[in-house]
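Shared chain: chain A. Partners: chain B in the first complex, chain C in the second.
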Partner chain A sequence: MEKKYISGHQLFTLFALSSLGGSVIVASSPMAAVAKQDAWLGALVSAAYGMCVILMFYFIGSRHPGLTLIGILRQVLGKWLGTLFAVCYVLFFLLLSTNLPWYIMDFMGHVMHETPQYAISLPLVLGFAIAVLYGIEVIARASEILIKFVTFIFLASILMVLPNIKPDNLLPVLEGGIVPVLKSSVFLSVYVTFPMVSFLMIFPVNMEDVFGAKKPLLKGFLWSNSVAFISILISLLVLGSGIVSKTKYPTFLLLKEINLLDIFTRIEYFISVLWIITEFVVGALFFYSGAAGLSELLKLKDGNKIVLPLALIVFIMSGVVFPSDVFNMNWLRLGWMPLSITMGLILPLLVLAVYGGKKAVWLIWGK
Partner chain B sequence: MTAVSLIALAAFGSVLCIIEIPKMLKAGLRKELIVFLLLLAAGTALAVMKLFSIGIPNPTDFLVWVYSPVSGIMKWLSKSQ
Partner chain C sequence: MRGSVLKRGLCLLIILACLPLAGCWSSHEVNTLAICSALGIDKTADGYLVTEQVINPKAVASTKAMNQAPVVVYDGAGESIDGAINYLLLKASRLIYNTHLRMVVFGEDVAREGIGEFFNYFMRSYEYRTDFFCAVAKGSSAKDILCTLTPLESIPAVELFTMLKRSSEEIGVTRAMKVIDLVNSLSSEGVNPVLTGVEISREGEKSNDIDVLKLSENFEKLKFCGLAAFKGDRLAGWLTEEESKGYGYIAGKIKGSLEIVRCGEKSEINCNILSSKAKIKADTAGGKPSVAVEIAVKYAVSGTKGGFDITEKQNIKRMNRALENKIKRICAAALSKAQGKLQTDIFGFGEAVHRKDPSYWNAVKDDWEGVYRSMPVRVGVKAELVSIGEITKPVYSSKKG
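And now, the complex of A and B:
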């Protein structure tokens, strides 16, 4: 693919939206199931160590200007091992881009019972394909506009739900000790922090000012974590941990509580607009990462040619990956969590360790 | 419904081929052509399998199997005590 550059601000908005991704509406439920009323503390813990993970991604990226994740893996780990891991990453990104339409299908299925699932995922996957065909620049510019909508919708809905809060719902603080809080922080990180390894497909290679990327990345991470934190805190305050842990889409339920002067009621679909926007951005990002990674792996000159056939596969698989709700719950616990931790934490740490080891050897023995 | 889906699938595949293949041949992108045809064949095969309700192997099943050794840790993580 030809070289295109995005600005620092675009990196910030793209990172913020895609890091928020699917988390804002689903993550609070498993967190509340583990930590009960202390789930909001888990969000703070997750932000604290997530910051270090983002700094690690930045460090890895900034040492390899002009390379993508595929190139970095090949350079650091050698040709064979690097290619093997690169294939894993490409499959991971493509798998993610099939999962995201499923969530929209599931969510919209609660509303539109009669509509076939594929009719909901078709515009979304088509959107991914068009976004990727236009290139990363256009995705970044779209995110610049969309972040304004998202911030507005989020702030407006939170402000309107504020009269319903019951501070008693947060008490007692730290009832079960600190361990459940730490455990619940993992549930947020697997959505917000670890999948952002896909930014290594964009960040050194599509940025002119590689070292200037630190601030936008951290700012974007802070933005998405504040949104996630506030939504978890407010859901707990309004609904209480019992209800939050038992519903699949707590934030959606939260906005059902809004009743301002009997005029502003039933505006819960506000939040679904926000959610569809962030899911679209993160899906486009993952699909871009998958398509760009595949075309780099196969050394294709024109990566755009394979986008539409890939989109067909993603479209079909979006209806296959999760046959049922229960299956999806099981997958989130037993498949998605370890997968996200492996891809977003363990493998980058391995890359970092090998890179540091090589540097040390080079420093001690000279060339 | 099946017939409509089949027609849509065939239309998508053939239109894509008619538009893209001459371009790729002209530009001499042979590798792209092979990958394109392979992916399109795979996608069409998956779609046909889905249409006639033939079980498609599920990647998430495979990943749950891969991570089954750590399932104890994950179950511990999702318990509140």
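And now, the complex of A and C:
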């Protein structure tokens, strides 16, 4: 794929929306199941160590300007091991891009339960394909516009639900000690932090000055974590941890509670607009990462040629990837957690360690 | 060049035309729906009798005088609500549509047996929102309540909904409990729910015929009466109207009310409660739990009787004391009923203890009822006069001459 450059602000908006991704509407439920009324503390903890993880991504990327994640893996880990991990990452990204339409299908299926699922995922996957064909620059520019919508919808809906808060819902603080809080923070990190390893496919190559990526990445992370934190906090304050932990889409239920002077009411589908936007951006991002990674692995001259076939695979897979929502819930707990931690934390740490080791060896040998 | 632009345009058009198709798939036109405004649940021998009050669009939307009842009541028996509603299609041509539900009325026997499982259904089904109110039918079946027509609002469920909301704000005898709060108090161990009772005031002709709406009085009306106190999800008993008010003061749910207090021999003062705030503070020192309730009340004087001069500073103090004592008496009545006869913690004292001392709460929560029954509760009231109205001294005083 030809080289296209994105600006720092575009990186910020793209990162912010992708990092928020699907978490805003689903993450608070497993968090509240573990930490009860302290789940909001978990969001803070997650943001604190997530910051370090993002800095690690930045460090890895900034030491290899002009290389994508695939190139970095090959350079650091050697040709064979590097290629093996690169294949894992490509499959990881493509798997994620099949999951995201499924979530939209599942969510919309609650409302439009007679609509075939594929009718809902078709426009989405088509959108992914068109976005990737136009290139990363266009996705980034779209995110610049979309973030304004998302911020407005989010702030407006939170403001309107504020009259319903009950501060007592957060008490007593730290009832179960600090351990459940730490556990719950992982449930958020696997959405907002670890999958963002896919930005190593973008910013080392698509930024003119790779060192300028640090601030936008951190800013974007801060933005998405603030949104996630506020939505978790307000969900707990309005609904109470018992209901939040047992609801599939707590933020959606939260907006059902809006009733401002009997005029602004029944507007819960606004949040689904927000959700579809962020899921679309993150889906397009993963699909781009997968397609770009695959074309780099196969050393294709024109990476765009594989986009449509891949889109077809993603489209078909999106309907069959999870047979049911119970399957999906078990997958999130047993499959997604370790997978996300492996790909987003352990492997980058390995890369960092090998890179540091090589540097140290080189320094010693150099002397 | 021109051809490719055309081709692209055509492609775009086809794609754009496809996009909204996804939205039409599950559409239900309004004229295929039976929009339900209220749902009633009664017990039968082997399940439930579910009553749906369906809005009759022909009667409600017509500009002419009504010659059909504004609502039609369908009922069906089944093992579960969903099952019963499904079978209603044997009686009605339109799809029962519950998204605009305003009221759910439980029959008293259903309430005594437990209402918790119903909320598993209401919360799980996508069709229900969380903006309806619940009530318990007292002295009649839920079906009878739903069959009663109301004169002011043509849809009885809307009348009940508005009446419940307004009365809870202005009188404080009722409680308009949101579904979220209700579910939270059903599932919490430290607080038990209350629902408002609704009854038919039998004062004349039966109101299931639109002809009675031609009368100005002497027909049956729907009426809210005190609160139904639950223990867990089961109805434990009824509070009288005064006890319901006491519950409202302690739980901090009163937004407005009216208290008549006596100052001295003949004087009576109407105190219009403008706002009331309550703080429940638990103390678990020495393993002996106790609760202190601090109630702060703001009121305006809306009427005096017997020549009581409310412009005098001393009299204001007397009036404040009298009001404080009155509210304390009301609260004591509610407390003794809830702690003594009903033995159910409707005020959320358990939650207060939980917030104050989680480890102590974990030790006693299994036997909370026993602890609660004998727990000392101190009620402190602070009344503050905000306004005395449009006149200062009474314009008429019987002491004249």
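Annotations
Heads up, the rule we're going with is that the second predicted complex is superposed on the first by the 366 of 367 C-alpha atoms of A that agree within 3 Å, B and C clash if a C-alpha of one lies under 4 Å from a C-alpha of the other, contacts with A are read in each partner's own complex, and residues count from 1 in each chain.
To be clear about the criterion, a contact is a pair of C-beta atoms (placed from the backbone, for glycine too) under 8 Å apart; a residue touches a chain by one contact, two chains touch by 3 or more.
Please read all numbers here as calculations on a predicted model, not as lab measurements.
In the overlay built on the shared chain, the residue A:Lys36 is in contact with chain B alone; chain C does not reach it.
In the superposition on chain A, contact of A:Pro123 is made with chain C only, not with chain B. Between chain B and chain C, B touches the greater number of residues of chain A. When the two structures are aligned on the shared chain, A:Met337 is found in touch with chain B, with no touch to chain C. In the superposed pair of complexes, A:Leu171 makes contact with chain C only, with no contact to chain B.
In the superposed model, A:Arg266 makes contact with chain C only, not with chain B. In the superposition on chain A, contact is made by A:Leu95 with chain B only, not with chain C. Of the two partner chains placed by superposition, A:Val138 touches none, neither chain B nor chain C. Residue overlap on chain A between its contacts with chain B in one complex and with chain C in the other: absent. Residues of chain C touching chain A in their complex: 15, 18-19, 21-23, 25-26, 123, 126, 129-131, 178, 180, 183-184, 187-188, 351, 354-356, 358. Of all residues in chain A, only 30, 33-36, 91, 95, 176, 180, 183, 186-187, 298-302, 305-306, 308-310, 312-313, 316-317, 319-323, 327, 330-331, 333-335, 337-339 touch chain B in the complex they form. Contacts from chain B toward chain A in the complex involve residues 12, 16, 20, 24, 27, 29, 31-33, 35-36, 39-40, 42-44, 46-47, 50, 56, 58-60, 63-64, 67-68, 70-71, 74-75, 77-81. On chain A, the positions that touch chain C within their shared complex are 110-116, 119-120, 122-123, 126, 168, 171-172, 175, 238-240, 242-243, 247, 253, 256-257, 259, 265-266.
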